[in-house]
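Next come two complexes built around chain A: one with chain B, the other with chain C.
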Partner chain A sequence: MNHYKIALIGNPNVGKTSLFNKLTNLRQKVGNYPGVTVEKREGKIERNGNKFQITDFPGTYTIYPSSLDEEIVFKTLGDKTNSHYPNLAVVIGEPSNLKRSILLYQQVRDLDVPAIFVINMKDEIKSKGLNIDLKKLEDFLQTKIYLTNARTSEGIDELVEAFTKDATPYNRHYEIPKEYLSIVEKIKNEFNLKSDYLAWQYLSQKEVPFESKENLSKLDTIKKENSIVSKRLQVKEALDRNKILEEKLNDIISYNFDGNETLTDKIDKTLIHPVFGYIIFLGILLLIFQAVYAWSAPLMTMVEDLFGWIDEKAISLIPEGPINEIIGGAIIPGIEGIAVFVPQIAILFLFISIMEETGYMSRVVYLMDRWLKPFGLSGKSVVPLISGVACAVPAIMSARNIENDKERLLTILVTPFMTCSARLPIYIVLIALVIPDEHIFGLSYQALALFVMYILGVLGALGSAILLDLIIKAKHKSYLILEMPTYKLPDWKNVGINVWEKTLGFLVDAGKIIFAISIILWVLGTFGPGEQFRNAEEIVTAHHPKMNEEDLANEIASYKLEHSYLGRLGSVIEPVVEPLGYDWKMGIGLISSFAAREVFVGTMSTVYSLGEVDVEDNGQKDRLLHRMKNEINQNTGEPAYNLATGVSLLLFYAFAMQCMSTIAIVKRETNSWKWTLIQTGFMTGLAYVVAFIAYHFLK
Partner chain B sequence: MDNIWIQYIFIAFLFGFAVWYVVKLIRNSFSSKGGGCSKGCGCSPSKDEFQKKG
Partner chain C sequence: MIENYSLKDLKIGEQAVVTGFSTEDIPAKFYEMGFIPGTSLLVKNKAPFGGPICISIISNKSVLALRRNEADKILITKK
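So, the complex of A and B:
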């Protein structure tokens, strides 16, 4: 059995990934969005006794990279010793932009890589009024041309058969400019290269990633001696090639343009209109926001009910004891804490996939880029930022579509500032505690305070973006060169696969981390050192001999928590939170809500001996508020929750990274604890400083 | 041995495993050469592997 390595190479939006899916039956995200292929994708197939290892390379316009993803193409094709160097490169183009694809094809072949040319979306040749003289084009490209339609599988079998055929002999297209011939010769001799064009690449590429440090330093010296500026050589090559292509293709490709606007042109007149474009986008955002909030609510309730039922069953089946408690108090709630986000994630990615599949996402990026650029962000950051108002977890995942490394990192780092739904219960309780229930011009002070908290989230995100923009260095300059693909009906299979992959990835990867943290927090909150923890029941009962059974149980739970390891930790960190106006009880709230912000309300109710509190239940909420209002801070002797501490807590939660799920997903998406910890430290540090200033200003 | 102590030992193992898992994740991340997203959105392990092989 023969093994072949096949490389799929092409510009973005030519249907390369769709073709890859058809060829391999591997399912992968497909979209009309530049740079959608950001990871290596590989598939293996067997046909007629041959094995094919097919690699889907990142979309690129030339072999000169403008992003790190694109570097992979030259790194692989320029180095015959690379383990991914293909037996055959399949360069894919589509009818609308053949010139650009041909330029890439010629570069690949000039590197001496065996290659064939494919025109995908063959149905668009006719629909766009194109006449292609295939015979002439084949002669010009010195290869047989394959016509495919990845959506309908047309031409796929013929293409697979071509994988085993030898590529036709090829004469180099690009003539090295005369003034560089002697340097190219020198490079060839110095680095033992056989190809003139590869030697030219050594001069014109900014980096030759597969060469040794010693050779790179040698190359640098040669470049300096001959005053070579790589970028200039790249521009020269692009101009030369385009000039020739312009002349040659005039004779090969003709357009029967009837003067009528295409459907895409007509739709674009509205969707990227300077006024209506934004209004429609805002409407779509509202729809998405509403869907993530409202559509997910019954599904989330179902997940909660399911886990409630599992919890109940598990507790009733397992004999009473610590295992029963950890399963009911940590393991099942831990899994639920992840699973409950699944409906939101699935709905959000459903919308994002549809926007990508139809081609609308590119229009959104175009509309928003000018507004986000001054903050170091990209037009593509708009989706994660807006999604972050519902939940930072799916929002951060949606930042995958940003291909510029710096802009994507910035987006991931600032998205958690957006006011997510988990902050809402805390805001509701704290605002009710410290903001008077009065009105001004018919507007409630409390509603205004809530609105201000949302605005603070936006300001926090944009302000941090400006700051981080100064710190994080970009390896590549960012330009928004955007291709507006034609509008298409979504391929529902691709949409479904995309939603499934994203949701499952979240559930498994983030789930493992939050699961572990849940167990740690439960153990620290359930066990404690010393006599006080061990004899909690006797001590509390002795202090409250007349208390009813329910209140006594809550009081014992509160006492035990105070003397648990988590409680001790609260006391240990008290000196740290004291400057913010908090006592140890709030300290415990801060520690326990590190897992998830909404835990703060639950912890406060435990600390204040109230059992479980549902903030949507007015009676229960009032009970908690009453208790909190009467609480005295043991350090200051003043009410624990006054305007100063309340605002301080509000600001702390507005800026602090108090969400284990977000930390887990940032780690997963950045693949870096460094950035995850920097983000957590930055947000918590900022929260601390702002809360400190607010407390001392208001007290 | 008392049944309750077996349960406590099990929980101790579970807790130890959870701590070990989190510590391992942090340690691996700091010791890995991949700089995460400072290296771009293709900074998934698969891509790192891809580049190293190259």
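So, the complex of A and C:
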């Protein structure tokens, strides 16, 4: 049995991912390339007694990367020793932009990578008005050309058969410009390269990621001595190649249009209309919000019921003792706290994925660029900012396709301000506590308050973007150029896989942290130093001789917590949170929610000794609210949750960076502790100041 | 009749041919995406309040968008 590594390479919007899904038949996994965070999609199949390892590379227009993800293409194809270096590269194009795909194909072949050419979406050859002389094109490209339609599986079997054939011999296409011949020769000798074109790449690429540090500094010196500017070489190559292609393709490919407007033109008349375009976009946003909050409710109840059932079973099946308590009381509820967001996140990704699949997302980028640019962001920041309403973690990852370093960094830094779904349960509880349940003009104050919290998130993001824009220096000039693909019906398989992967990724990544934090919190809350903790039962019973059993048990739990390690911790930070109007119990809530905001409600219910509280369950919620309402702040003698402390807490939660997963992902994506710490410090500092001002203003 | 307009000056519906660039400081991506001297294009849409410009490449009807800053650096002759 032979083993083949196949690389799928192609421009964005050519249906590469659909083809990958068809080829691998969903037997695929997502990982990372060694040493970098670029997402690697890989599938393994067996056909005709052979094994194929198929990798879907990030979409790119050329082998010169302009965004982070694209760097992996040259890194892999330029280095024969790379573990992903393919036996065969499959370069994919589609009818409307063949020239650009051919250019990429020729670059790949000039690097001496064996490759074949595929024209996907063959059904569109006619509708796009493409006339193509296949025979001549095959001669020109020096390979057989495969026509496929990934949506209907046409041509897929033939393509798989081609995987085992040797690629046809190829004569290098790109002629190194004369004035560079001598230095290319020098590079070849210096770095022991066989191919002229690879040597040219050493000069024209901004970075050669697979060379040793030593060699890179040598390369730098040679480039400086000969005043080589990489970008100029890239431009030269693009112009040269295009010129030749223009000539050669003249009698191979032609387009004729019947003069009628295309469907895409017609749709665009409305969707990017200066007025209606924005109205429709706003309408879609509202629809998404409606879906995320209203449609997800029954699903969330199902998740809760499921976990309630599991928890019950676990408690009854595992023998009583610390293991039972830790699993039933900490781990399962902890995981439930995160699993409950899965419906919301899945719905949000469903919409985002459909917007991307249909081609609408580029229109949103087009419409919004003007409005985000003054904040130092780009139209492309729209995707992370919208996704941030579900969860900052996948949102920050989606910032990768922003080419400009500064705009990308800014987007990553401000996205956590967006009101993520983890803030929602806290907002619900706090708003119910401090905002009167009254109406004005038929609008409930509480609903308005919730709306204001969302607006605050957006203002926080944009406001800090302005501030950071002044501080951060741009390495490169910002620009925007984007392709507006023709509108298509979504490929539902792609949508499904995308939603599944993103949601699962969120569940696993965040789940790990919540898992750890739940255990730590449980240990800190269950054990304590000193006599008071150990003799809690006797002390409380002595104080309340007439109390019934249930209340007594709750009272004991509460007393224990106060004197546990967690309670001590609360007392230690009390001086810090006192200026904001909080007592030690809220302090515990704050500490525990530094791990993840969603822990707050759980901690509060432990602090107020109510056992498990389910905010969706009105009876349980009312009990928690009742306890919180009657709680007296021991420092001020006033109700612990009044308008001033409530608003102060709300504002704190709106701005503070209280999510370990986000901190971890920011570190991973920026590859900088500096920016990660600045962001955490800035957000939490801002939260503190704003909460302080609000408390003293309303007190 | 050498009138050097920039792409920014075109109105919606006007056609033009790219003649060159007013500066060398153009990202390589512009060339790669098809802004090559000799390319015919048509302005399809302009986002309001100085937003990006949406153009259609005549030869294959592919549609691209770019900011006005950059459009200003692309020189054209009107058709």
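By definition in this document, the second predicted complex is superposed on the first by the 435 of 699 C-alpha atoms of A that agree within 3 Å, B and C clash if a C-alpha of one lies under 4 Å from a C-alpha of the other, contacts with A are read in each partner's own complex, and residues count from 1 in each chain.
FYI, a residue touches a chain if its C-beta (ideal position, glycine included) is under 8 Å from a C-beta of that chain, and two chains touch if they have at least 3 such contacts.
Note that the coordinates shown come from a computational prediction; the quantities given were computed from them, not determined experimentally.
Of the two partner chains, chain C is the only one that A:Tyr255 touches; chain B does not reach it. Touch criterion not met for A:Leu385: it reaches neither chain B nor chain C.
Of the two partner chains placed by superposition, A:Ile92 touches none, neither chain B nor chain C.
By the touch criterion defined above, A:Ala7 reaches neither chain B nor chain C.
In the superposed model, A:Arg100 lies in contact with chain C only, and not with chain B. By the touch criterion defined above, A:Asp268 lies against chain C but remains apart from chain B after alignment on the C-alpha atoms of chain A. Once the two complexes are laid over each other on the shared chain, residue contacts for A:Asp369 go to chain C alone; chain B is not touched. Within chain A, the residues touched by chain B in the first complex and by chain C in the second are 403.
Interface residues of chain C facing chain A in the complex, by the touch rule stated above, are 24-34, 36, 38, 44-52, 54, 59-67, 69-70. Against chain B, the residues of chain A that register as touching in their complex are 38-40, 58, 67-69, 72, 75-76, 79, 82-84, 209-210, 321-323, 326, 399-400, 402-405, 408-409, 412, 472, 475, 512-513, 515-517, 519-520, 523, 667, 669-676. Those residues of chain B that touch chain A in the shared complex are 3-4, 7-8, 10-11, 14-15, 17-19, 21-22, 25-26, 29-30, 34-48, 50-51, 53-54. Contact residues on chain A toward chain C in their complex (touch as defined above): 61-62, 64, 66, 96-100, 103, 128-129, 231-232, 234-235, 238-239, 242-243, 246, 255, 257, 262, 264-265, 268, 272, 274, 362, 365-367, 369-371, 373, 379, 403, 477, 479-486.
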